[in-house]
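Each of the next two complexes has subunit A plus one more chain, namely subunit B in the first and subunit C in the second.
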Partner chain A sequence: MRFLAQDQLEAFLGHLAGQGRVVAPVKGADGVVLFRPWEPGMAVELDVLLAKQAPKDYVFRQSETYLRFGYQMEGVAAAGAEVTAATDRAHAVLKVEPQNDAPAQVIFGLRPCDARGFVQMDNVFGGYGGFYFDPYYNAKREATTLVAVTCRDPRSTCFCTAVGGNPAGTEGADVLMTQVEGGLTAEAFTEKGEELLAFVGFSEAGQAQTLYAETVKEQAVARVDVPFEIEGVRENLRANIEDPGWHDLCMRCISCGTCTYVCPNCYCFNITDEIVEGKGERMRTWDNCFNPLYTLETSGHNPREQKSNRFRNRFSHKFWYYPEKYDSLLCSGCGRCITHCPTRIDIREVLRFMGSPRSAAAPAGEEA
Partner chain B sequence: MNPLPLAERRLKPSPFLPDLAEIIRKDRLTATETLYRLRLADGSELGHTPGQFLEVSVLGIGEAPFSISSSPTRGEAFELCIRRVGDVTKALERLELGSMVGVRGPLGRGFPLSTMRKQNVLVIAGGLGIVPLRSLITNLIDERDDFDDVTILYGCKNPGEMLFKDEIAQWVTRDDVDFRVTTDIADPGWKGNVGPVTTLFRRLEVHPARTVPVMVGPPVMFKHVVKQVLACGVPEDRIVLSLERRMKCGIGECGHCQINGVYVCQDGPVFTYAELKRLEEAML
Partner chain C sequence: MTHHNLTTFLKRKMPDPPGSRIGVCVKGCDSRTLVALLQENLIDKEKIYVIGVPCDGVVSRRRIEKAFNDEVVDISFADGKVTATTRTGESQEFAKDDLLFDHCKSCRYPNPAYADDLAADPVAEPVDQTPMWAGLEEFEALSPEEKDAKLAEVFETCIRCFACINVCPVCWCWDQCVCRSRKPALVSQRVGAKENLMFQMIHMLHVAGRCPSCGACDRACPVEIPLYLLHRKMNKELHEMLGFEAGLSLEGKPVFQTFDVNDPLGEH
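This part shows the complex of A and B:
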């Protein structure tokens, strides 16, 4: 185990910033902690447990241009005339240029649940279902080093241990650091991680520091709530698919999609084009399976027209469909969806209720 | 539900990067449908199976999935029959001959031609379902000796919506194809059957062990036709359907077409009834 004194942290980040981009949780003027590109002088916020959003955006961009194209404007009357490219007469495509911007970066200060979120999402973008390898996600993923920090003080909404995680979990992390007296201990789990710990500011951790770190980790595990039993959830979701309880649970959902945007591993996206004066781009942007337009076909047919079906889809996807296909849950228990839902929908309540044999569960209204 | 191995697909540097294709012919079929004939700009063949689809883009407007309507037996150009209804289809219709569009594909799993060989094939089309099925029918006719009886049932809302009238006129005259058509609402000139496509089963003999029914149409048609062919004794794993979903990426990622653990764009769009029966929401 290595040790970095508190007064060496800025130098360490500065050292990393000299080699690429550093992204870290930083509190903005509005008091909101978000993962932001770090610059010397910025204070890294490690006392607020979770940044408002997971650092997903730095690997799977909220909106990402992956294609640029240009139209030759032959036949268009005058320069400055209104042009709607594809619909104008006598145009020809000039060129189509793929874009894939993947700078080397270190995401510092993410939590083990966030790191695990990437691992869970890797399945779909890595083509593990037998499908395609996603060039955009994977280029960024490979260029990224994850330095996780142990959750010394888990929140009441945390449930990582219930879904197989750990507040000091190492899955997906290249380095795990733990806040101890006077600084942070550090352990590397990958080659990328080892390289980071070669920074001169690190020293070998003393016995007291190692013991302290191990104690912090153990105590953290004990403090994470286990609000439901994961065993049997998949089977029960399947058995309860037609259960009217879904209607009760979804009543207060306003289909805003906040839960999907703050989630470390919701990965649905939409594809759209934009064009201005013959120069256009195609981008993909996070989507939200709660949106009624999400499944609406041009014909008017909508296989998930009912809100309860869309609501059911998100939870079933994370705990039944995805595990069945990829042998991995699609939830790392960060609890952001609980804290940010404007109508206080609680994934733990949904799983306690719909993930248990229905005869044994209490009515939804009496829970939470 | 085995997706093709990677090497068998047209894997580009990016599966999101479209190839360019030129519009070489446009035929207006009805008030709202146009048949587009396209050719890949690099001169290569599309290499599709009937039942597969393409993501077609009018760059700057958007991209949408369309089933391929021509048979791979008919050379390097390919055809798409498209109803003018959304942004992309409206923009497509305004493109002139020689214009380039983007295409990605062929994508997905097509009709199981190998299962159909030396079998009776019962094709059931409802409305725009004839569009992907025309690819299959043409393929069946071009390799006619490989298949036993070929029967086609086609139902449309009214005679004016009937597609591919010229080809249908040819199918009707063939002794080796049994083509039957019906319309929900007749017009004054209509002398044929009136009623839903299931009414065409009345005078139809189906050999359950030797027949592969293949159907494409709206969900309500599936419900009734599946019942009908099951009643004829056709096993569930021989009933073939193609689903419509909002397939956005087409490569098993974006989630729009997902039904439970299945991606319609890659695991389908063609499924057997046995596969769909256990999927909640599939037949909605």
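This part shows the complex of A and C:
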């Protein structure tokens, strides 16, 4: 285990910034903590447990240009020049320029649940032997090094241990740092991580520091609530698909996308061509299953017309269909969807309710 | 006092067995959004039962949470004081007035503008009825360039989750929102300060003359964008130009649905 003194942190980040972009949780003037590109002089906020939004955006961009296209005239004679057979063939040629910008970056100060979110998205975007390989996601994923920091003080809304995670989890992290007295301990788990720890500011952690870090980790695990039993949730969600309880649970949902956009692993997207004056871009943007247009088909039919259908999808996707396909959950238990939901819909409550056996009853009532 | 403006839930068709009415509790500001909707015949008055709740101001949960690094797990009220306690037992007492939302501090309509029944006796309305536009002074003092920069800074963090518009009671298009539509693609789906501001401007213009500054959008925003900068500014302009305030009485009409030759705007 390595050790970095607190006063060396800025130098370490500066060292990383010299090699590429550094993204870290930073507190804005309004007190809001978000992952932002770090610049020398910025204070990294590690005492606030979770940034408002997971750092997903830096790998899976909220809006990303796939390609630019437009027509370009070719074969046009220069002004005043005599038109010859060769130049009399002016025609428009479609030019397409693929885009895939993937700068080297280090995401510093994300939590183990955020790092695990990337692993869960990897299954979908196919980076690790998957069926469908997404070049945009994977280029950024490859260029990114994740430096996670142990959750010293989990919140009451954290439930990572219930979904197989750990507040000191290493899944997906290249380096795990732990705040101890006087600085941070660090452990690397990948080659990329080893390279970072080669920075001169690191020293070998003393016995006391190692012990401290291990204690922090153990205590953190003990502080995370286990609000539901994951065993059987998948089967019960399947069995309860027509349960009228969905209708009651979704009553206060306002169909916004907050939960999915702050989530470390919600990955749904849409593709749009935006064309202005003959030039355009094909763009991928985040989409979410609460959006009524999400499942709207060309024919005009919408298989998830009711709010309860859309609401049900988010939980079923995370705990039923995704697990069936990839043998892993699509939730790392960060609890952001609970704290940021404008109407305080609680995923734990939904899973306790719909993830347990319920008697089949009459179909849900009408709602638009 | 409840954080939410519950009238937003009347936007959706609720399960309503024939002849039943939906009960809704409203504070002063909530009732004004309800009245704005009733003025436009968007809600059937016969289908709702309105319980008015005279309001002494809503406390900002976020303002409390920001006073601590640890998580606030308990908030209690007593005699104009608010006590917040964290998970580790750290406790701090605040004066309630310090925690109120800015628009609550300068609220001139704490009692419901329309209600079938009142849950409590009306509270005293402020003697001074001069409109106050809390929070705007600082913004208005900026030069146009500085305003641009401020808006760009603020809207850069927008995540386009649409919580602000979906929680807005008078934002009525719901599933047919122009900002979400991809065919026709009228609003760019790109996420950036400029595009996000554009989306907010559309929202603002659609609710102009209908928004009573209830602050629901502000409270819903997960990244805490001060949306009041736009909405309150719009309301201020409407008040100063046309002497109009949204949702004050059932007899009133939305400002953009009226035509008056004596319109004060003519003097401008």
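Quick note on the criterion: the second predicted complex is superposed on the first by the 331 of 368 C-alpha atoms of A that agree within 3 Å, B and C clash if a C-alpha of one lies under 4 Å from a C-alpha of the other, contacts with A are read in each partner's own complex, and residues count from 1 in each chain.
In the analysis below, a residue touches a chain if its C-beta (ideal position, glycine included) is under 8 Å from a C-beta of that chain, and two chains touch if they have at least 3 such contacts.
Bear in mind that the values here come from a model prediction, so they are computed numbers and not experimental data.
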Touched partner set for A:N270, first subunit B, second subunit C, both or neither: both
Which superposed partner A:T258 touches (first subunit B, second subunit C, both, neither): second
Comparing the two partners subunit B and subunit C, which touches a greater set of residues in subunit A: B
Touched partner set for A:Q219, first subunit B, second subunit C, both or neither: neither
Subunit B versus subunit C as contact partner of A:T190, first or second or both or neither: neither
Which of subunit B and subunit C A:N138 touches, first, second, both or neither: neither
Which superposed partner A:N309 touches (first subunit B, second subunit C, both, neither): first
Contact residues common to both interfaces of subunit A (with subunit B and with subunit C): 270, 272-274
Interface residues, subunit A side, partner subunit B - complex: 66-67, 69, 71, 84-87, 89-93, 96, 98, 100, 124-125, 127, 129-136, 241-242, 267-275, 280, 282, 284, 287, 289, 294-299, 301, 303-304, 309, 316-317, 320-322, 324-325
Residue numbers on subunit C that touch subunit A, as the complex places them: 4, 8-9, 12-15, 66, 69-71, 73, 87, 157, 159-163, 166-167, 174-175, 180-182, 185, 188-192, 219-220, 222-224, 226
Contact set on subunit A toward subunit C in their complex: 28, 30-32, 34, 47-49, 52-53, 62-63, 153, 155-156, 247, 251-252, 254-258, 260-262, 270, 272-274, 283, 285-286, 288, 291-293, 307, 340, 342-343, 365-368
Residue ranges of subunit B in contact with subunit A within the complex: 2-3, 5-6, 9, 11, 13-18, 20, 57-64, 85-86, 89, 91, 94-96, 98-100, 102, 128, 218-219, 244-246, 248-249, 251-256, 258-261, 263, 266, 280-281, 284
